[in-house]
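Each of the next two complexes has chain A plus one other chain: chain B in the first, chain C in the second.
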Partner chain A sequence: MAGSALRRLMAEYKQLTLNPPEGIIAGPTTEENYFEWEALITGPEGTCFEGGVFPAKLIFPSDYPLSPPKMSFTCDMFHPNIYSDGRVCISILHAPGDDPMGYESSNERWSPVQSVEKILLSVISMLAEPNDESGANVDAAKMWREDREGFNKVAETLVRKTLGIPTSK
Partner chain B sequence: MDNNHETTATKPEGLEQDELIIQQHREIEKEISDSILLIGQKEELTSLETEYINDPVYLTKIQDLNKKYKCMRRARPDGNCFFRSFAFAYFEYLMDHNEEYKHFKERALKSKDELISCGFTQFTLEDFHDTFMEVVNLIGEGQHEKLYDTFNMQGYSDYVVVYLRLITSGQLQKDAEFYKHFIEGDRTVVEFCHQEVEPMFKESDHIHIIALSTALNVGVRVRYMDRGESSEAIAHDFPEGSPVCVHLLYRPGHYDILYSR
Partner chain C sequence: MSTTTAAAAAKMTSTTAVAISLVLSSCVVANAFRQKKQFYPSVVYICKSNPSMAIMYMQALVAVYLIGKLTGKLFFGSLRPAESERLIEKAWYAVTETCLAFTIFKDDLSPKFVALFTLLLFLKCFHWLAEDRVDYMERTPVISYIFHLRIWLLLVILTLGDVYFVHDAYTTTMAKGPSVQLVFGFEYALLITLAANAAFKYVLHAVDVHSDTFWESKAVLLLYLEFFIGLCKAVMYVVFLIIMVRTYTIPLFAFRPMYHTLRNFKKVFQDLVLSRRAIHNMNTLYPDATLQDLQAIENVCIICREDMTAAAAKKLPCNHIFHTSCLRSWFQRHQTCPTCRLDILRPTPLTTQNSNVPRPITPTPGRTAQETPSTEAAASSSATDNSRGPSTSNPTHVSSNQAGSSGSSYYNQTPLQYQFRPYTFQQRSTSVDEINGNNSENSNNGIPESNNMNESWIAFMNAAGIGGGIGPSSLFNDMPQTSTNLPSTNIPQIPLNLPFVGGIAIQPPNIPPNLDTLSDEELRLMEQNTRQGCLARIKYITDIKCMLDAAVVMMNQYSSACLMAGLDSTDSTFNSETKTSDTTENDEQLETRPPSNISSETDSSTGSGVTSSSSGSEDQLIQEETEQQRIIRLKRLEKFGSNST
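Our next item is the complex of A and B:
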């Protein structure tokens, strides 16, 4: 089984290298282990995360793609759908049924024909449009709802941090 | 669902609760998978009686089934039981029907391009198609034992299930105008496929059976063993009126394979 998972992950890596989607770089951390990937995600234009380059890691299960990978950001993040330890909480990372979070039923779910690329594209949309009802980070969700200006400032600090630019003040 | 939102929004510990629930589901699933084969050996229908010892309605129906069917095979109740039972029963049937096997093999080969033209990405589809064809080629070797062993190897067995799920999804989307009338809730056919057909472990309903049997042109007879008043387990044929080559037993939430006398 791990054989088919490996084959699939190699195919996905090749696909992502040949046709990289805008704003995404992703691949295995080392050639020895295809089950752990690193990704760099560019903050979407026209949003408070614009200009940032956010590192994340993906961990694949041995029965991938029957089951989805887990994904977490390895930099500081402040976002309604990202836990304080970096874990990403979006519907495409869950099979239908695994949803005590109560995602909207129309959201994309994990299935074996989804892919790393689709996950990363969903993460970019998530950065652009947080779902303040999923509540992985309650403080962030609250700030996003009630104090957008404050939220944008925090995001700006995070963007600068990922670029190694000293924050103003 | 509203309640759920409230708890997650006010109490961060609620999140851990959610993960515990998922973990508990996983443990139950593991317990099932450790104790029941993906596809079991043939057994007498009377073996069902022990499960319904105090239940005259079910016992009467088992007796009736026993007159019509000589034995059964159990499939693991993991949400894939319809697809897995269908695949095994049909492949077994094809071993003894060479002409139909040739037609099916051709159809299976062509299905890949059909699915790609239906919008599935080639590189995500390819592995499932290739593994599916490997198992289809096994039918030609005519060794029942080997087919049985292959269906009990998780890697092969699950990939066959995935591919049948994709064929089912393709059929639903191709004929969306027709199938949209049978979809519950406010969803499009495509949404239904993403949520109820393509993901593993999602249970099958009539609509899955109709779409798959139509896509492959394979007659399926399902015997429904439920609490209904009739003294026999009522049969439904899919697609209606086609010659039957796969017999399945349905008990609420689960499918197994039947062998007629």
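Our next item is the complex of A and C:
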């Protein structure tokens, strides 16, 4: 019998295709491997990331949903909670007890109740409201705090890049 | 030269390197033949010239790399990107650590050493890939026969190779004394554990794939496997460390993997112990979900997103329902409720050090309503749609259903259960909303959830006994809350129950803890003027109150038994008397009233009116005192509630 992780991922995929939440497209990269997903996330409206379509990949552990997946953006990102290599650092992606930043409460941590959909929605809200206490990208956090104009400019170039529009100068 | 080749190989931009090395080495060979014309002299010529030798070494490395690729293709087919990523990362660590090892074994540095090291790295890569492939079995819906064949062959060859090299290292060390062979022997011994791990996992996965039903104990077996492999590794590292320190020096290069191994082992050990406890708790204490329970929620297990049947699902003390098997595997990671994070091992924490258990419930309902359960908070903060998240909508469904169903069957219940209602498990659960839901429901109906409550009471008593680390005082964590919502539900019940209770054994109340057993630290904590300390003190007081209540109940029972046995004529009047009086009083008075009735009853043969009234007034006096104390107590509690907000 197929593993419970596989069945749950299939169920989530079905749910996401039948009933897609706004601004999110996600699914397995290939039909043979349900443990590697691609996702497209649109930048939330009214923020500096508005209009962008950001590709990301999700890698699921074989004991999913007991352990959280790993998520990273595959495009260039500049955001306080995203490492420069694209890895996303939000509490929903960390199991309770493993705390890279030391400030998160266990309430927002991973548990089987969470799902791909919730992760992606959390990422969207993270794009809208960065948590500048997190040190995933110190430069971005500093810029977000002190030079919002500059941050918005960088975000705009990123958005243009994802859409394939040359930067206006 | 060799390092550049290795780096190039690692970057997988190797085809050019291979070509260059081929061209170079053929140039060298051609050059040698041109000069010496014969085979032997040309070999000697190449061996004597350093540049030629370097090129030949490089060529050998390239050859090894090509062989590696070929065998890899043979055993694994094409690698997935994630696999090669992991492989390169691990190989990188292995190379750097071996470079550190070089510093200790400077004297042994020779072509043979480099060759052995390359072979080791080579085999290591295959072990890692084999592990990855075995894990991959769980992830793919289709597994071909060729896959099984490959894994089998690979594991057998790897194990044989490992055993051979360990043996080789052992004999050389015994014959020639300690040398770099120590490190090789140790590394290969570690690889044996790796291969064994992969083999066992493969067997487990293969059995699972071929069975038609869900194999429940697989997760447990995997955890045990991890434990034993971890144990073997930890022992090996310690032995290796001791040998190395005695013969050479501290093996710095082994520290990183050793640290990881020991930490992993510790975690696995903890998981094993805690999950065993949690699973034991689940099996013995928590009831199977009933059909009503399942109908009330969407009937979907939130862990696996599949439907539940009543036989295969368990209800946790917080009323959340999951598959038994799903819970079992989750408890191997964390011993909490997946939805509300109630700690399964200690439902009511007394100490606040454990930060991942939600705070105790505060007495005033107005305040508790503001506190949302953790997951809901998380969900709303992450802008999730609440309508679809079952976690948010379930609890109220569950509670309302239970209240309704048990309400209808209330009159069939054994009497006297209500007395323990204040101390039941549910009010200790962390999901505040549920409790409020329950309580408001109860006060509306005037009917308690006796059945459910009684079950959880038993479960709770057991939990206190089994849980070990739970201080008895923690049992009554939320007593104050109960006093605020008791009266409306309880009053009408005592007269109904009393005449029938003779001979029915009641649940023993919790015995207040022996203060001698408290540690100094706990006592200090209690003495503090903090919220914690005060709560703990209040808990002890409520424990004592519980005992007193129980004594009163016993007296009630006794007197009613007397009534039923001998004094039939006065029975009805007594009952009606208590009924009318009790409904007008609150629960505190109710507890003290029965003794006055008993005295009036015993004296009823003579001038009963006078004695009963006098004893009644005495009682009233005592009652007023306790009432005052109670008001003070409640006031203090309310203060705490407002302070903490």
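As a working rule, the second predicted complex is superposed on the first by the 162 of 169 C-alpha atoms of A that agree within 3 Å, B and C clash if a C-alpha of one lies under 4 Å from a C-alpha of the other, contacts with A are read in each partner's own complex, and residues count from 1 in each chain.
Criterion: contacts are C-beta pairs under 8 Å (C-beta built on N, C-alpha and C of every residue); 3 or more make two chains touch, one makes a residue touch a chain.
What you see is a predicted model; the values in this text were computed from it and never measured.
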If chain A is used to align the two complexes, do chain B and chain C fit next to each other or clash? clash
Applying the touch criterion given at the start, work out whether A:136 contacts chain B, chain C, both or neither, answering first, second, both or neither. first
For A:46, is the partner it touches chain B (first), chain C (second), both, or none of the two (neither)? neither
Report for A:32: first if it touches chain B alone, second if chain C alone, otherwise both or neither. second
Does the superposition put A:12 against chain B (first), chain C (second), both, or neither? both
Determine, under the contact definition given at the top, whether A:164 touches first (chain B), second (chain C), both, or neither. neither
Once chain A of both complexes is superposed, is A:66 in touch with chain B (first), chain C (second), both, or neither? both
Can you list the residues of chain A that meet both chain B and chain C? 1, 3-4, 7-8, 11-12, 15, 63, 65-67, 95-97, 105-106, 108, 111-113
As the complex stands, chain C meets chain A at residues 80, 82, 135-136, 138-142, 208-209, 211-215, 302-306, 326, 329-330, 332-334, 336, 338-339, 341, 355-356, 374-375, 377-379, 381-385, 388-389, 391
In the complex, the residues of chain B that touch chain A are 1, 4-5, 8-10, 12, 15, 17-18, 21-22, 25, 120-121, 123-128, 131, 154-155, 158-159, 162, 166, 185, 187, 191, 194-196, 198-202
Using the touch definition from the top, list the residues of chain A that touch chain C in their complex. 1-8, 11-12, 15, 19, 21, 32-36, 59, 62-63, 65-67, 92, 95-97, 105-108, 111-113, 117-118, 121-122, 124-125
Where on chain A does chain B make contact in their complex? 1, 3-4, 7-8, 11-12, 15, 63, 65-67, 83, 95-98, 100-102, 105-106, 108-115, 133-136, 138, 141
